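I'd like to ask some things about the structure below.
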Amino acid sequence: MAHRVGIVGASGYGGAELVRLLEAHPQLDLEVVAAHAQAGQPVASLYPNLPGDRVFDDVDLGRLTGLDLVFLATPHGPSLQLGAALRKAGTRVVDLSGAYRLAARDFSRWYGEEHPAPELTPDPGQPGAAGDGDDTAQRAVYGLPELFREQISGAGFVANPGCYPSAALLALAPIADRLQPGSVIIDGKSGTSGAGRAVADRLHFSHVHADLTAYAAPAHRHTGEIETWLPGDLGAVSFTPHLIPMSRGLLTTAYGTVADGTSAADVQAALHAAYDDEPFVHVLAAGTFPHTKALAGSNGAHVSAVLDERVGRVVVTCAIDNLGKGAAGQALQNANLMLGLEETTALTSLGVYP
Amino acid sequence: MAHRVGIVGASGYGGAELVRLLEAHPQLDLEVVAAHAQAGQPVASLYPNLPGDRVFDDVDLGRLTGLDLVFLATPHGPSLQLGAALRKAGTRVVDLSGAYRLAARDFSRWYGEEHPAPELTPDPGQPGAAGDGDDTAQRAVYGLPELFREQISGAGFVANPGCYPSAALLALAPIADRLQPGSVIIDGKSGTSGAGRAVADRLHFSHVHADLTAYAAPAHRHTGEIETWLPGDLGAVSFTPHLIPMSRGLLTTAYGTVADGTSAADVQAALHAAYDDEPFVHVLAAGTFPHTKALAGSNGAHVSAVLDERVGRVVVTCAIDNLGKGAAGQALQNANLMLGLEETTALTSLGVYP
Amino acid sequence: MAHRVGIVGASGYGGAELVRLLEAHPQLDLEVVAAHAQAGQPVASLYPNLPGDRVFDDVDLGRLTGLDLVFLATPHGPSLQLGAALRKAGTRVVDLSGAYRLAARDFSRWYGEEHPAPELTPDPGQPGAAGDGDDTAQRAVYGLPELFREQISGAGFVANPGCYPSAALLALAPIADRLQPGSVIIDGKSGTSGAGRAVADRLHFSHVHADLTAYAAPAHRHTGEIETWLPGDLGAVSFTPHLIPMSRGLLTTAYGTVADGTSAADVQAALHAAYDDEPFVHVLAAGTFPHTKALAGSNGAHVSAVLDERVGRVVVTCAIDNLGKGAAGQALQNANLMLGLEETTALTSLGVYP
Amino acid sequence: MAHRVGIVGASGYGGAELVRLLEAHPQLDLEVVAAHAQAGQPVASLYPNLPGDRVFDDVDLGRLTGLDLVFLATPHGPSLQLGAALRKAGTRVVDLSGAYRLAARDFSRWYGEEHPAPELTPDPGQPGAAGDGDDTAQRAVYGLPELFREQISGAGFVANPGCYPSAALLALAPIADRLQPGSVIIDGKSGTSGAGRAVADRLHFSHVHADLTAYAAPAHRHTGEIETWLPGDLGAVSFTPHLIPMSRGLLTTAYGTVADGTSAADVQAALHAAYDDEPFVHVLAAGTFPHTKALAGSNGAHVSAVLDERVGRVVVTCAIDNLGKGAAGQALQNANLMLGLEETTALTSLGVYP
């Protein structure tokens, strides 16, 4: 029997990508496609890839709480409220925003506001730990299945990782125990869809085309998210994001000083041990580098590491589709786990190439 | 029970797109992935979106004839030979090249060589007509399902249309009976993947990026293909292709003088009558225009028409993914029909957007 | 001695390109860089290629009338008023908008409003004819130097052509006397900078990247401009513009039925006769096609023709930089002529390639 | 009186950019445009932006030694020989390759071959020092004018910096004395023109478009060049280049741990002190980041720094046009200095934008 699901914030890129994926899901019925400001408009008027009769719904909490699971593809502001309200009603939630990815104290530091529901924020020391009360009071689980699959399975509330953290954590987690604290630098590069659909001078085609720039350094919010969920105690990391003249695709180039005695083979072995059984993460042969386009439209991730013995640093690159494994794909992977479905349902690891 | 299929020419873009699609097909087993020059190499070494253990096979006619259906993604030269040989052995064939799309006389005119198997070339006057002898001698059917679905269903030999003709014919066929002979002009625009994988100075990224140019006019081979399969007797058409700085996507802008008394509503009605029941072709609202990216990675086609009453001309635009509806997607649609499967299996009409 | 010039509308792409060009002009002093909405802001805050201390001025008619020449890079609304006011004061004007490109009657038809200064609109039958009164009442001259150099030289008021008409007229004018009335079709393709700097969902990088679409057909205003200035009496033309995923560059592909007996050599000879002495227009060898990127940042134009004898049509392609020969470059070429300077000063025909 | 100059390797992107720049130089006559493999072909057949009658010359050492200055835009192999031969004859040389950028010992380490003319390689300890004998035996000077202007002025032999080192050194040199040894990491990003014109599968438009990848880490030859010319004794650096889907433009993001007590103001002051009087290098306001497109077609460089006090690291970004300040533009800047001309002649710092 199909589960009934809905999306709030369906007019954004993450939401619309979920619509595309869910149209092909055999066990999930997409009943609500809500977008407050676009309510009543045809989905096709914003997304020419989604022709047909669907019309954006308004955000109706009563209707949403009647569903089995709701994807929140809203900014963190609305997600803070909607996440808590839906959980109170017992509805499963996958939140794609940054509202519930950090402990309350870290949230206020990186987002500049108090968290209104600290009791639902995750506990990095005990990811997946139940809350004080019943199931609906369970803290959010950080939804990176390769790290927290067990906690996600059957959970009621999942905070879907940010795009940069998804790639950075997949790159670094398997070798975190070999890195020196304070040595981690992450140079991030993303296509423009990661910046959302809202029009802006800096996202005008004429400006981005054939252009390259850094932005938001050194205080991008994803920095705190990476620091929170990187295993071990590696301290503060440097993170500098860049805007790449392409729509989809994200690559993180992560640098870290390795502990003495670490060999290239050790690094390669750690990556293979972590990912060889994973359905969506592929470790490339040493000496080759991931291509973002190989993942376009998919939920896959490609990881590669080189050890620069001359300087004692490892360089790990990870490529994903920022709207796939970096957002909607991963959200569906989480939903599949939460609902006890086959994790890979309606997802692919094969990108549209070339 | 699954049908056993193979691809020859799997190292090209059309072949590799078929690999991607077939990996997800529940009723077709992809047993042979042949590429003569790359035999023995991992598929992933050429296609980073297809990681895994697949290795290109050599072209082994004996092995191929044992399959239920073979996709020929080879240039027209090898296809001329392989098509005839496979048909002689009774193996079903979908040929993605131009080898069997034209009557023999037209083939020699547009390709500059005699056709070695004229008895297998299609008969435009009787598309799908059986040949003189048994089933294996049946002439190739031109594989545009929206025009020749009946003939394709159950056929043994299908000539898959070229990318430009696929779009141009979908645009013009429904209104062909309203156009004046000699008035048709088709301005074609394609991404670079339509030009194939072979490296060439004119396909160097540094040259194509931010550039736009026409090419091959006025003698592109697809001109003859469009003239052959355009319904009615519209005479010679003008066709000018252009190279667009994008990898996938194809748009044809077709111009034709309409018969007196033709209204915009007539044109719109003709398009809707033709396509409203089609799973992959969508007619846009008048006044809107198709976007190629809405079809990226899909087998869909979007069609739109405007009537310029001031000059008495209709302008019909059609967008497809040149590797989808313009090549591999359509080839799989044809294979599904030939094998009696659900026509839409493992295909989507929803593109990866944005 | 240097002439003192100013720009109104300097915050738009055409205006900013004029700033770039004028910074290197040895005989023109750029004294006013006006942009009403951005007055007081540094130019560099909008144009990172123009660092330095320049700040946008407000629009001050008194200050402008004290200059030797003013470039109006404003939309046609402000240009209608500013053009008339500046001319009344005797200031030379190059207007880059569509305000003064058409006869008054045609203006109202294509722009949907009455022309407030019909006595200043050009007379296509007598381009460059003096007005009824003194010099300041002279009608605007259509500023395509290759057609109207004599009239532009020394003129006080020049209407700078639109981007599409610049390319279409350069392509067709030399062979207009060989074309059949009613047979002309122009398929236009432009980069996004032609659509201006104002942010818009349809110009969002994520939407334009890897996408291709037609727009505005069949009623784009440039249609009337092409019909007005095409030599001879060729009647109505079809014009369909397309948005190409690149920032700069414009190509028109023009189709026309030739008079009986016209040979490919005739066409080629006509083009060479028209342009071999021109400093900015280059006729390509038959069989080669212009590349827009070859003109990037320049005031050049490349033209090429093929005669398709099978269908009796000529196909003429013309590439320009829409902000160069299609806007600011041509405006400066006109200003040089108006002020009696060397026509090519501070202009180049060599694009930045690759 | 004009100086007579020539280019060897004019069929490559660096060489062709020099042709474009030299066509507009009022004091340099471009007499030889040599390209061995293309000798006899029109320049326009490879570079559509350079129409006209120029034909590639063959490489004729006798003819070259008669010139006042020769630009070697050849790969390092030919440059090793040609550089030494031309210097022996007393001809001034600007070599754009890596042949003479490193001390002989470092050359053999990074290029894997013995240097055939170690006596002409630069001495990093004494840049610009005269050689043992006469002027023609002078060691090559590393041609970064912002660091070595005095040595370049009047020199006979200049090794033009690599594209990545140009940007990395401009970014780091002013603050090198505040960085901790061993802490420097450079994440480089370049458009495809930096990889040259030779066709290659990895440079096929269909593969690079909408794609992003790292390459060549950790042993790219520019690593050694950066280490050699970075002021002070900062030890080995990490350098990872990435291929960006654009033709021109290069950005380096450089990370380094600062000495205790270094403030953001210190960093900003050091950059301004270094560059406020430079004609081609512009320091951006703190908090803004350079855009590569702002420099397209120019010889400019934009530099910006942020201090991340939380982690004690500075992040300095520098954008250039890899064919401008990263190759041909800088080569002409060096030639101007060598010949005693105004340094900025025929160069601009204003890019073609947008």
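Each chain carries a letter (A, B, C and D) given by its place in the written order, and its residues are counted from 1.
The rule is short, and it goes like this: a contact is a pair of C-beta atoms (placed from the backbone, for glycine too) under 8 Å apart; a residue touches a chain by one contact, two chains touch by 3 or more.
Predicted, not measured: the structure shown is a model, and the values here were computed from it.
With steps allowed only between chains in touch, the distance from subunit A over to subunit D comes to 1. With B-D and B-C as the two chain pairs, more C-beta contacts join B-C. Between subunit A and subunit B the centroid-to-centroid distance comes to 37 Å (mean Cα coordinates, whole Å). Subunit B and subunit D, compared by their mean Cα positions, are separated by 47 Å. Per-chain CA centroids place subunit B at a distance of 40 Å from subunit C. Residue positions 13, 191, 193, 204, 206-207, 209-210, 245-248, 290-291, 293, 296, 354 of subunit B each touch two or more of the other chains.
Against subunit A, the residues of subunit B that register as touching in their complex are 13, 16, 20, 23-24, 47-51, 193, 209-210, 247-248, 282, 284, 290-291, 293-298, 302, 348-354.
On the subunit D side of its complex with subunit B, the touching residues are 13, 191-193, 197, 199-201, 203-210, 245-247. On the side of subunit D, the complex with subunit A involves touching residues 182, 185, 187, 189, 191, 204, 206-207, 209-215, 217-218, 236-238, 240, 242, 244-249, 251, 253, 255, 289-293, 296, 306, 308, 310-311, 313, 315, 317, 319, 354.
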